[in-house]
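Each of the next two complexes has subunit A plus one more chain, namely subunit B in the first and subunit C in the second.
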Partner chain A sequence: MFKKLKRLFANLFGKKDEIKLGIYGPPNTGKTTLANRISEEFTGEEMGTASEVPHETRVVQKKEKVRLQSNGKEISMNLLDMPGISTKVDYKEFVEHGINEDEAKVRSKEATKGVVEAIKWLDKVDAVLVVFDSTEDPYTQVNVTILGNLEAKDIPIILVANKTDLDDAEPESIKDAFPQYNFTKISAKEKENMEDLYKKVVESV
Partner chain B sequence: MPHKCLNCGKVLEEDSDELMEGCSNCGQKLFVFEGGRKISDSERDSIVQDVEEFMDKLEKEEEVEERIKEAMKFDLESIKVKEPGVYEINLRKLLEEIPLIVEMKEGEYYIYLPSAFSKDKKNIRIDDLV
Partner chain C sequence: MAKKKKKKDGVKIEFLSKLRLQEKAFEEKLDLIMDSVKDENILVLEEALNAEEKAQLIEKSMEECDEDFPGVEFSGFDSRENWFERILASITGKEKKDGLLIVGSSDVMEKVKEDKDAISMIAKLE
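Moving on, here comes the complex of A and B:
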């Protein structure tokens, strides 16, 4: 039975055994919190440490063989939690969060490498969740650049408006800014509307 | 004799080459057309001032052009090291299929060659960053 299923998936997705789902977005949009929710739900384990300090994830975090199920469908995937993508990394930002200057500079260098690594991975992922902070202006250089590039590569994209639990969240403004993409709004922290996200992932790959 | 040197007051012959080459007396290239009428010293001073202001303005415009050129200088690097611990990342450049280029300081570029050849881009190292 398992072999049969595996063959079925192999046929569906070419020779790939597993879909690589990349979680992209600017720093502090809740990518790791989202990755943890998905991983927790389908493997029982979390993936990484979420933090209020930006650029907490500085190397790509992988969780293999995550079997995501929704609406009676199942896909097996490698979940990839990416470092946050930004156009500027300044150690002073970390100092403001109480990290000493030397450590902050090392962190800044690692975060810059993380951005490079995340960008290089864009060539390898099969589908992408672009995570937005629903309380922030969606129309930024980072978002526009990432979306434009993914679209050019013909990679399936789902826009995820996260943090809908916050009072000033405006998830609809994200949908309005990029109306041509698949969209869902969630709170990864409060586990709100996750089922809709799973459904859209299964449908899109 | 319609022209007079603004600097030394030498009156030029009509169609004199000095109009183009400069006053043979003092070398200046600023002349006033007199139209056969003598001008007073105060008029002369006022004309000198006008011309000087005009020249200043021209120079300033040149400075502005220089600044524009500076801003439009070629855009090659993916990452700029503004100071240790402060990095500016050009996402568009980074997304292009080019080697990783880091600008360590103004005009000093490091080209990370393995990034141009390696297929395994995930292991990219940019340890040259200070």
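Moving on, here comes the complex of A and C:
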């Protein structure tokens, strides 16, 4: 209740120069690919390395002063690519991706710290893109937890159904699972429908 | 140092009633959950967790993750408060906890399918 009032007063009396836009979601939903697309489009530089190995992003990646323009409007923001949130991190999964056991154990420890860091950032972001893999079942406890925490803090949310270029993509299942939120479907990899996402970001924040 | 796992014949499932849980602070419940799931049990609580508590459960399981404990799998049904109950809860600080939580080590428990009204899980016997 207190947090909500604080946010309401901050919005009424203090206009922020820079918005902190967080990119959240489970591992391997394409968060870094999306962050790279946005960053490349508005700053000319990518942000991080995307990989098929889960938990490739293990610390929060930041890109400052990204001036996003759409529909005749412009917002200045700090773009934050978050480590993927999951309830489990098993080093054996990294070994299956060809990483040696010692390195897999180190990576696993770093990944658990990344998840904790991403959760702590839920209190500090101003708006969030929650990224889904459109080929996966969207109704998971990780997604329910991320959305529930953001909603409790009154943080604007856009659901981003990513990977729509894949044959088995079902982006509408995400909208059906969480119909109360702002929604768009994209392929960050193929740069499809990015303009709709930019428009929704500008409108939301 | 990581504890060596003992081989078990089966999976123990513990049920905790609402009555038993209502006396405990959330931190106590969290410790109870972690102790039980690290012992490779599946725990069924006659109580839902709110979003903030679920985030704390994920944080705690990540902090305790090691080679023998890869984290948790959890699922459940949440209480669905109407607008009046939500306002009342924000004023009184007492929210409706009706629901169910199933939690286990991800070594033992695997989610098969989950939606708002139905869940199916597999308990792995290794």
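The criterion applied here is as follows: the second predicted complex is superposed on the first by the 191 of 205 C-alpha atoms of A that agree within 3 Å, B and C clash if a C-alpha of one lies under 4 Å from a C-alpha of the other, contacts with A are read in each partner's own complex, and residues count from 1 in each chain.
Basically, a residue touches a chain if its C-beta (ideal position, glycine included) is under 8 Å from a C-beta of that chain, and two chains touch if they have at least 3 such contacts.
Given the structure is predicted, the values throughout are model-derived calculations rather than measurements.
Fit or clash for subunit B plus subunit C once both are placed on subunit A?
clash
Touch check for A:Asp137: first (subunit B), second (subunit C), both, or neither?
Second partner only.
Per the contact definition in the header, classify A:Asp123: touching subunit B only (first), subunit C only (second), both, or neither.
The answer is first: A:Asp123 touches subunit B but not subunit C.
Check the residue A:Asn149 against both partner chains and state whether it touches subunit B (first), subunit C (second), both, or neither.
In the superposition, A:Asn149 contacts both subunit B and subunit C.
Which holds for A:Val60: it touches subunit B only (first), subunit C only (second), both, or neither?
first
Check whether A:Ser86 is in contact with subunit B, with subunit C, with both or with neither, and answer first, second, both or neither.
both
Check whether A:Thr112 is in contact with subunit B, with subunit C, with both or with neither, and answer first, second, both or neither.
Once the two structures are laid over each other on A, A:Thr112 reaches both partners.
Which one of 63-71, 81-89 or 99-107 is the stretch of subunit C that crashes into subunit B?
With chain A aligned, subunit C clashes with subunit B through residues 63-71.
Of all the subunit A residues, which ones make contact with subunit B and with subunit C?
The answer is residues 85-92, 105, 108-109, 112-113, 115-116, 119, 122, 141-142, 145, 149 of subunit A.
Can you list the residues on subunit A that touch subunit C in the complex?
1, 85-92, 105, 108-109, 112-113, 115-116, 119, 122, 137, 139-142, 144-145, 147-149, 151-152, 177
Which of the residues in subunit C come into contact with subunit A in the complex?
50-52, 54-55, 58-59, 61-63, 65, 67, 70-76, 78, 90-91, 106, 111, 113-116
Going by the contact rule set out above, which residues of subunit B touch subunit A in the complex?
Interface residues on the subunit B side: 78-79, 84-92, 94-95, 100, 121-122, 124-126, 129.
Subunit B touches which residues of subunit A in the complex?
Subunit A residues touching subunit B: 60, 85-92, 101, 104-105, 108-109, 112-113, 115-117, 119-124, 141-142, 145-146, 149.
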